[in-house]
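Sharing a structure with you now.
We call the chains A, B and C, going by the order they appear; numbering starts again at 1 in every chain.
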Amino acid sequence: MTRKWPTLVFSIVMFIIALLMLFPFLLMVVTSLKTMGEIQSPTFTFIPKHWLFDNYSIAMGRGDWLQYFYNSFIVTGVTVAFSLVFNSMAGFAFARLRFPGRDVLFFSVLIGIMVPSQATMIPTFLMMKMFPFFGGNDWQGQGGFGFINSYTGLVLPFIAGSFGIFLCRQYFLNFPRALDEAAQIDGANVYRVFFQIYLPLSKPILATLAIFKTTATWNDYMWPLIMTNTEHMRTVQLGLTIFRSETNVEWNLLMAATTLVVLPLVLLFLAAQKYFVQGIVTTGLK
Amino acid sequence: MNSVNSAAAASKVTTSKSRRRAPIDKAGYLFIAPGYLVYFAFIFIPLLVGLYYSFTNYNFYSTPAFVGFDNYVRLFHDKLFGTAVYNTFIYSLFSIFPQMALGLLLAVLLNGKLRGRLFARVSVYIPNVTSMVAVSMIWLWIYDPSLGILNRVLKTFGLAPVQWLYDPSTAMAAIIIMGIWKSIGYTMIVYLSGLQSIPASLYEAAHMDGATKVRQFFAITIPMLKPTTFFILVMSCINSFMVFEQVNILTNGGPLNTTTTIVHQIYLRGFQDFQMGYASAMAMVLFVITLLITLLNFRLGNKGNDTDVD
Amino acid sequence: MKKRKALLTTLCVTVLASIALSACGSSNATEQLNPKSGEGGNKTLTFWRAGTDAPEKAYWTRVIQEFEASHPGVKVNYSEVPFGNDMETKLNAAYASGTAPDVLSYTLASVAQRANLGQYEPLDAYTDKWDGKSDVMESVLNTGTYKGKVYGLGFIPDPRVLLWRKDLFEAAGLDPEKPPASWEELAKDAELLTKKDGNTTVMAGLAIPTANAWTFWQSFVLQNGGKIIDADKNEPLFDSSESIEATQYIVDLVKKGITIPNDSAKSNENLFPNGKAAIAYDSPAAYVNTQKDHPELAGKIGVSGPIERKTKATFAGMRLLFMSSQSKQKDLAFEFMQTVMSKEETWNRYKELGTPVVLNSLKDDYIKDKPEMNQAVFDAVSYGEGAAKVTYSSKMYEIISQHLEAAFYNTKTAEQAMKDAAAELKKELPNLITN
């Protein structure tokens, strides 16, 4: 049983690494349970003197957090759902299908990742405002507010993206040709190949994409900032600014709210990461 | 094993035959349509608009007036922008490789059945999931010269405290360390999903041939991960070139401009000084730099079309 | 057959989804935004304020409720935006798309740029007919004036006064009731009060920001009789000998280590409220916050007006009410502004938020309420100056702060810093003055 030793050492090393990675987060949680005096005191103590779980209810009482979470859930859920479908379809096409202009089109998609959002934010905003027929606009996009301050405005520009298409394409490239050939011999057309063969085998990449897209959308601050005007439409990231004033930051409440804001993402990760199970793809070959 | 080999061999024969009359999958256009349309409308067109702005003196309000290449000429002589470009390169150089290597290592280690694997995976990923604002503020404390953890640790070892974010020689290093910490989870996850597509049969065969785990890692894992590595490399290059949020919160470009980056300059010129035309020119330059680097990656990575396809 | 089915399904789903999304989106939100007056004289006024803190939110909620009650048929849409460049971004998007708010509560630093662009509406036509105008302190009216026209009504001043820790003074053997009255005394006291741990300063004798130091620096330059810029000729004046003398004074203190490096743009690093400084130029809000977070310091903080060297001067920020030139409810907007500027509301603001008063008629009551502090604050408001009113002020102060930083880090002398900053500004000016 000499095999047990390396695994034990392994586990301990991993535990230490995990703790190091987790440390700032622990710091955040611990800060949320202190008083401001404790936080600013020159003598630093990690463990709070009194565990002020009340800070959490105080923080949540400071704004309409139920509404903020609701908005974030809707926006993130819809965006991720659409992007999973659209990105995987496009990625599949770029990776497995042959059609003229394929590589040029793919490369043009990559261009989108290389531009900072600060440069495209305002033109996109103007487009959302002048979208014809919606939000009181006439056919020329004048006169109303278009998609400003609406869920559509928050979701629409993000339901597909260069990153997702790229990720899916790379993943689908990995599949052996034998898979397509076998399917074609069975007489399946492209749609069946995608929906009935590739998609079921795509759980790892869909899980990965879901995690990334959810994180990006949930943590997005700038776009909801310029897109929303009323408290009713605020997302959780905007809600966090309540604890910051021009002269002061209420650290304990801010950290409490931040912990709650991060929690759904952690839970999602816990749920999705079980799809990283080895051997899903290969079972098809045997 | 053999059936796979013969199937692969057979498919190679059929592929070369059918290539002469390569069928066009018209469905391809349909598949890419929704994604491409959204991309085109909300990213490509604003990009073109940005390109247009870069040749004007747009200030967000008045009608932009055409100024030709003035913005670009000015960029060329802008010392601050030059510093920003240099800083961005330094940041990218020192954060990409550690983050990829560590991410790969952790993915491999956490792929097998290990006790506490879930705990470790979650811990490594949480930094990536926490918003940059929260993370930056926590690291502001960690780096605090008098109260921060780092300096306290140094003190217990009898070393002099470091000014971290206020010392021009350490500020960029401090930002890089935080950047790596935040991004390891990201590379780990992508590698984890890439690892799933490597057939277990390959490892079994190697094991039967007597290869050690380390040998397997270098002979099987790394080559089979090429598309994934390629992807991560391209994304890491692009992402690190766009570093902005942590600079904005932790150091605001200082001290002595040692941490200002290209996107930080775009933000300042555009949204603080109202010089959107100039900022757009900067964005175009950033775009060209990233494009060149991506092209370089594609050339070296053989278009990322490594395995069994076409 | 299957192909067409798949195609149709995808199309239907997409169309349905987008309709559903836009329907639920627009029905509850965009209608709120729409300021078109509907049937029966229903008017909507949009009001944005910079700042997201809770006490002020409660204040505005009350004011808006009362305004709506006294103006039947009027609905005020209230929105809060975080301070800083976030607000700038949002305002830029709003003005570019014609969706700017009717009334805006924002900073003095925005006046020159946005008035020049024509985003803020000149208010003279309204203020000339307003009898409350004569009651507003002259310095306050000046903050909202640009090139001779009134663009904003200042209503929440943010002056810098001298704060000091009486307990630390006592412990060091200084008279806790006597703050330093000259630059020399300030330097002496600050050195005495500085505490170091090896080479690191742990208690700053005087809180000097090392990054974004321009607000601090400007007070000293003005106190020494120096000037910042000639706004009409666009010529920097901060490389004069008075200004260099002031800069040298500050740089010497920093090099002696009497401050802890900090960035004035980061509110959480403010030394005095964090208990890390013995003397500071700070706002009355810092006075309140320090005692709130450290109850043991109640009554141990002194407040006085800034040191007068050659002239009385200090930095004074201001929050003003602006009207959008794109507004379709200009009369109503000014009515709202009038309400906020009324004697009643100004006093309410003092009582509820602790902000200094801006009306001459309230001066006596204000000072009587807290004589030990409010006299100093009122004076600071009357001779305080904010950011120079030029359209390129943010870039100018960025240049100055960066050269100051270089002097603090000992890569150039104070004199060189000022001269280099002036030279760089002159070089940049052609790029900055475009409209």
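Of note:
Here is the rule we go by: contacts are C-beta pairs under 8 Å (C-beta built on N, C-alpha and C of every residue); 3 or more make two chains touch, one makes a residue touch a chain.
As the structure is a computational prediction, the values presented were derived from the model and not from experiment.
Averaging Cα atoms per chain gives one point for each, and the point farthest from that of chain B is the centre of C.
No other pair of chains shares as many C-beta contacts as A-B.
Averaging C-alpha coordinates per chain places the centre of chain B 37 Å away from that of chain C.
With each centre defined as the average position of its C-alpha atoms, the distance from chain A to chain B rounds to 16 Å. Contact with two or more other chains is made by residues 27, 34, 60, 137, 146, 267, 271 of chain B.
Residues of chain A in contact with two or more other chains: 42, 121-122, 156, 189, 191, 249.
Multi-chain contact residues, meaning those touching two or more other chains, occur in chain C at positions 3, 89, 92, 96, 202, 268, 276. In the complex of the two chains, the chain B residues touching chain A come out as 4, 7-8, 10-11, 14-15, 22-29, 31-32, 34-39, 41-47, 49-50, 60, 106, 109-111, 114-135, 137-139, 141-142, 146-147, 149, 152, 181, 184-186, 189-190, 192-197, 199-201, 227-228, 230-231, 234-235, 238, 242, 244, 263, 266-267, 270-271, 276, 279-280, 283, 286-287, 290-291, 294, 303-310. In the complex of the two chains, the chain A residues touching chain B come out as 7, 10-11, 14-15, 17-19, 21-22, 24-25, 27-28, 42, 44, 85-87, 89-90, 92-100, 102-103, 105, 108-116, 118-124, 127, 156-167, 170-171, 173-178, 181-182, 189-191, 194, 204-205, 207-208, 211-212, 215, 219, 221, 237, 240, 249, 254-255, 258, 261-262, 265-266, 269-270, 273, 276-282, 285. Those residues of chain C that touch chain A in the shared complex are 2-3, 6, 17-18, 21-22, 24-26, 28-30, 32-34, 36, 46, 48, 51-54, 77-83, 86, 89-90, 92-94, 96-99, 158, 202, 267-268, 270, 273-276, 283, 285-286, 289, 292-295. Residue ranges on chain B touching chain C, taken from their complex, read 27, 30, 34, 57, 59-62, 74, 137, 140, 145-146, 160-161, 163, 166, 168, 251-252, 254-257, 267-268, 271-275, 278.
For chain A in complex with chain C, the residues that touch the partner chain are 36-37, 40-42, 62, 78, 82, 121-122, 125-126, 129-130, 134-136, 144-145, 147-153, 155-156, 189, 191-192, 222, 225-226, 229-233, 241-242, 244-249, 251.
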